[in-house]
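Below you'll find the structures, each written out as structure tokens.
Same chain, two partners: chain A is paired with chain B first, then with chain C.
== the complex of A and B ==
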């Protein structure tokens, strides 16, 4: 067979890896299709920017302004169009035409790794390129790692075959006596730490020093996980998605879509005891708000609301903040009339869950254990870390997604669905979970989500229907779930265990294949019901911000729910996205909220986090070549001040307070288990001041101007917004405004004055900005100036650049005594379109600043100066307590 | 005691690329929404609407008839609107934007009034706000401005 003209150079597929040489002119006629003769024309057309001659706007020699503007507008549009077109005309390859967040570099030659819609084109291109094809099955393992991997695979195969054969034997045996035993319910020890359930032997080696989340295998393929040797809080946790861009996630949290997190790593602690003693225990760990223990807290104690706030512990007569927690009570069972009448009926124990962050778990656990053992009768403390998992989901589509995958069922067949399930079902059309009552909690049972997999779109109410939406608002206002008793099933060990005995995927597939086409399989009596708790939390007090749904379910039921959630088709298109730790932190940041533990460096957990981050930053800094990294010792702060204050890569509170810096040079022994490390973590020398007490201190500042200041080790978390521009990054230094000087300053002893800084305030902030003494701007144009002079002055003022930070007149940062804290999180905030930061400051120094401001009658106590580490320029910012 | 407002419920913010029959192009205006960027956003949405109405143009057949057909389709086609909505303090802002668009020659501006439901909680105004369990539903007036190409 004669070779086709296009195939001419392709005699051996693997012998030739290079592309064809550019076509010579005599070849052009034979294969016109392959080499795009139109390419040049296309590029020319794409690059061509149509414009209009300037004299077109002239009318009788006069400028016709509207016409002139119109033609310039047209030209700008033409230029923008041309830019887009040129870019597109260059994108020849299939994978170049993908949306930014779907582009990949690894294995981009692999047709199967690109989205389906462009696979055909990609395959065609590869064929044209004569690219070598790799068949995965025929590939020989190369390198030592590949060889080891192949050997392991072989051994595992042998092992599996052996096991299968054994099972076959056993299966025959079982047939004889007809008894099949079920694996026993795993034991949960009271008052002791429980081990995670034994993983499958295949995965056991990888979980020696850490545990996997229930969705680990799903996440490990799609997210950057924590390094194998460096787990976070003894868990392998997804850090961030492998997708390249964050903006789609940002949109999904606010505009349309939903973002979900597998937060099973959050620790759940169960308490069980008499109501009185449980109350005592809770009060001892800082749940002391009086409203909770009065009539108003009844809903919380009935298991219809959650409480979220900070836990604290007693230490040498002082209360030390541990971390934020959520507490929910087990609803009391409805008393049947004969039970209520009988005298001998023992009052049932009340049970409750405490959910804390794993970094604060050990601290909470030891304190709870200590306090609960003091009670008579004792309050039982149960470690339910690997019993209960959770999923967080936020965004306008979150309620819709949950409705699509959770199918409320009655716990006992024959009874109707519980009221809480009904209320949940009526939430269709709620696009913001903070429209529910504050901290609302729903407890009910759902069916196995795999029976309804793949999930289908749900019918949403018509948003134009005024009456229906008003009726729904009335439901949200009256909240009928308060009238009924929630299901206590999740608190019940048996119910949890029964729920984890889900039927096999095989059995479910069989039932699905028996169902009519397009229909879900019918429920049967033996279907396990999964007890869940679903509660909302508002991210901020700002009412329009998106709320967050949290779903708590037995640990082993998280995976089927997660699969359903990730494949739910949202009404606004796409599926819910998933997030890692970084996305979680970023959403907190965009709402202006601090994230535990990173933004609380004065708690033990936050201190440990900061120490870890500091090591990372230092390593990153020392890896850089000397010429390209900031030389901390020579940072020029102006006025003959040289060198960064403290360590440049750290939020150096130790230096600020005057504590000795720990020696970080010592190599650590890696052989210790993490738990040991946790218990041996260096004591945190600082104490966290809660936002409420900071607010109270600030309110009372006028009354006690001369009261003693709190100790210097008390830190408070604040949120910073730059007044004009600038972005603060982690480790940025926060200064207060320098003190007002009574005598006119001589330029030598004080580098900067309060006046200079206040002059930077823009006029719209309401205060009349005092003139900057160092600034030499053109003053107002005098009214009596002749016209030519006015024009000249005006032109001069227009040309003059805005005050730049490189100017002589830009104020220098204050001295070290005015340094009050450090930024822990800071970045450009996509939600606000400008920089934002969250930091920690020393309470005593802040109060000092506010007091001295109050004394001189100013209102600038909330102003501060933020300077990035290693930079000279400080920026004015306002701060608020969070 | 104090009133604490729950957020007003509204549909998710529509993607600019879908037709308005599926998802109306609604912008929710708050008192702090910048004026100029709202104008720009409306303009972008309008240009998307325009290009959707005129349909795609292919280089394979003659361009002239396609362009005239596109222009005709844009003139006759359904008048897709960009809708601005605001309540309370934002009404003034929405009106300001509407007045700007009325000054533009190429668009038609329609101003409608309506009301939306809102839920208020009664909270105890102490050191930190505590829910009392009381809440009420009310209707609040809402201004809607529809902007479509002429």
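== the complex of A and C ==
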């Protein structure tokens, strides 16, 4: 790079092309002068080990025991001191003192990239290194990006000036009228899809085919977003944080801290109708658990609990799974006097929210619309996607962070804070939200979080205080929130709209400046109250796993809450972190749970996701140079089998069940039909089997050994744990164990036998690890062998390593007929310290294997073999339904 | 960047001859004390360095002298405990070791007592040598105290500790060096 003209005069002496040699390399050379002369002395002193003369170990020139001991003690002390001293004298560079996630490449030329505390030291070091420094004031925008930025800034400036001038004109006019109108409440159409609210003109062009999350501007600066032309589910969603290290996020989810996601992209659908008809609609979309509609489900129907489970739809006499959803009812209001007076006889309509993933929204919506129109009187379906936003937060500090920013207030001035608000306030000290009752739901109103910004640390109860923690445990088990009626405000359109008319930041600043120093401004009557719903969910059934808080609030109130959340000082240090889609997926994976839609390739949403991923993987593969990519056609699977099964970059279920493969080779025509494609979901030929029905099938496998198998297109999601070692990656092939052979194996038709695979099992897993027939090992220890020989043989057999994957005798993977599925998510799991995977398998083939195993009297039906795409080595793994 | 590699030798000066003589004269002292008795203060690091260089020159000629001359350095010398640490280039530390083995007297002193130079640890960093020195000193303290208490007749046990607890006495391991040396010469 040519030196820039601006650089030259800055430091005339130092601006050489080549750097000076490091100071320590040759101290005798001429540039010794520029360093402190006492530097050498310092180093010498630091490295010197003090010692005693001989007299110290003698007494009057004679040997003496106490003096001898003293001299040894002195030596020990001297050595220890010397070790400490040398370590201290080591030069620690400024950036080495920083935590890994704060290190920046740009810090090598920009002092401001390190924390203030060590900026001075860093600047000194950079100067010594003769590093090219940047000066912000002298920086010129270079490159196309800088030019575009400068041009945009210029244009925006012109626009702003024009607008200002116009406003001035209008302002004069307004002064004459003296009337200012408020923008009307946005219309929400019943039974029709609603458009997102019209964005500001400045941002409108960027939201033509997608919408932004309420926190988009915040996230766009700190996260990798979806590509502008390729939004995810018609939203611009943060994919992952721009920070380089994932481990702090991993720690925050489980050990210390909190992680929050803006999940406003999740779709909310409102239903309104008579209780009876609403029940019918819900039953029609798969909420059929009998306990829900009996006494046990009363709390749910009263709006005190949520229900989470899978929705399904009817199709040609079969139920097709749509996706997971959360349903919550609007609490039945205690009759207010006005209603009782005017429409006395009519019972108020019951209302409920259904929250689904946006990838399954359209499917759910169409089905709901169809079913609700059949009811008499009709049940109204309302699309509330851009009305209600949400935030998810997990981690030990999540409850604390929520307590710090949400300030429960009463909805009407004069009345006390609602019971739910009180219960929420008493949660201080809870470090795991799964300690709350299962699916607990709190609804109350909070004040504008901007009034209490910046948030301050809250006082937590002393964890050593046993009485207090016992009282809290009692509260959590009795759960007083069940006694009172929750606030239905979030279901109310007017309340939601009122909450979104938040005062301007200017007004809030004014109030804050009037408040006493260190105090928050006093609440006034006109303060809007923000209706929220707060509920917990557990990622796994294990209660020790961290629960997840979900906060639902009006769409426009998400941003102020988010700001508070991100700046809340946790008692364990730092602030809550934020995550993107990848972090969300990773936390699911670390809990061993599948994530919708990626891990359900047999639902319509998951099928679309997989198709998209497949395209990405194929593109990445074809971009690589020929010599460096896996040549699928020549993958050697052993026993004269050549070539990967199916497409190597895909979870090729189509090939597995014998469906024609869709032609993916015409990416050019996409642009025209892009919009059409978005509107119509790709047809999914598979059907998802829920975890419950998979479990039921497996339990009943002994009774119906000869019952007909389910269709081959039924897929189930499973979680895989490798028995020994190895990590499975997405697209890895899952095999079942090959069948037991009645005739002795001949090398042509069966590459491996069941026995060889079972020999890989460590002894504790199988009751008796069968010996590997191919391995020429020490056979049984002869009974008449003398003891030393027996001991030797035993030791030999114990330390004999298991066959490694490079061995000749490592078993080959089974044939294609034993291929049962593919891994959809697989990686090294930080929580467990070993590989884990989640995959989908064909139910019929699994059942076949389990039945076969049952007949043999073995218990190896839960074993499978996993082989990464393009590799030869398969690894033994156990699977469980999830 | 290539780092210049060194070896640190931790050496003890032992007096086995005096042990025999000492037992007759003063039977009160523990054997460990006599065995590890202090070296005369006449020994200084410069004299030691000179003596080692001289020894290497005698054994290996000018080649050996030239090989170690630049790198040999006494890092620590404690006459009270008869312990020292020397630093030498990794490729040639065996010459130094040999020279030490052939030394039978404290150098640079007139009527020096007969002694043995025993290399007890060869390490790549001085830290390892220091840790070993600490360990040894602790052992010696314990051995001396035990002997004083017991007044045991087992001289060898007093020196090396009881027979059961024999430690990895001398680290005569040159595991990694064989190949490197081969490559250097070849």
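Operating definition for what follows: the second predicted complex is superposed on the first by the 689 of 882 C-alpha atoms of A that agree within 3 Å, B and C clash if a C-alpha of one lies under 4 Å from a C-alpha of the other, contacts with A are read in each partner's own complex, and residues count from 1 in each chain.
As a working rule, a residue touches a chain if its C-beta (ideal position, glycine included) is under 8 Å from a C-beta of that chain, and two chains touch if they have at least 3 such contacts.
Computed from a prediction, not measured in an experiment: that's the story for all the values here.
Q: By residue count, which of the two partners contacts chain A more extensively, chain B or chain C?
A: Of chain B and chain C, B contacts more residues of chain A.
Q: For A:299, is the partner it touches chain B (first), chain C (second), both, or none of the two (neither)?
A: It touches chain B, and chain C stays clear.
Q: Give one of first, second, both or neither to describe whether A:823 is in contact with chain B, with chain C, with both, or with none.
A: In the superposition, A:823 contacts neither chain B nor chain C.
Q: Scan A:692 for contacts with chain B and chain C and give back first, second, both or neither.
A: first
Q: By the touch definition at the top of the document, which applies to A:69: first (chain B), second (chain C), both, or neither?
A: second
Q: Considering only the touch criterion stated at the top, classify A:57 as touching first (chain B), second (chain C), both, or neither.
A: Only chain C; A:57 stays clear of chain B.
Q: Contacts for A:544 in the overlay, against chain B (first) and chain C (second): which applies, first, second, both or neither?
A: Touch partner of A:544: chain B, not chain C.
Q: Does chain B (first) or chain C (second) touch A:813, or do both, or does neither?
A: neither
Q: In the complex, go through chain B and note every residue touching chain A.
A: 4-15, 18, 23, 30, 117-119, 121, 124, 126-128, 130-133, 135-137, 139
Q: Touching residues of chain A toward chain B in the complex: what are they?
A: 254-257, 289, 291, 296, 299, 396-397, 429-432, 434-435, 437-438, 463, 469-470, 473-474, 476-478, 482, 543-545, 571-573, 692, 696
Q: In the complex, go through chain A and note every residue touching chain C.
A: So the residues of chain A in touch with chain C come to 47, 49, 51-58, 63-65, 68-69, 71-76, 78-80, 82-83, 86.
Q: Using the touch definition from the top, list the residues of chain C that touch chain A in their complex.
A: 22, 26, 29-30, 33-34, 36-41, 75-81, 83, 85, 127, 130-131, 133-134, 137-138, 140-141, 144-145, 148
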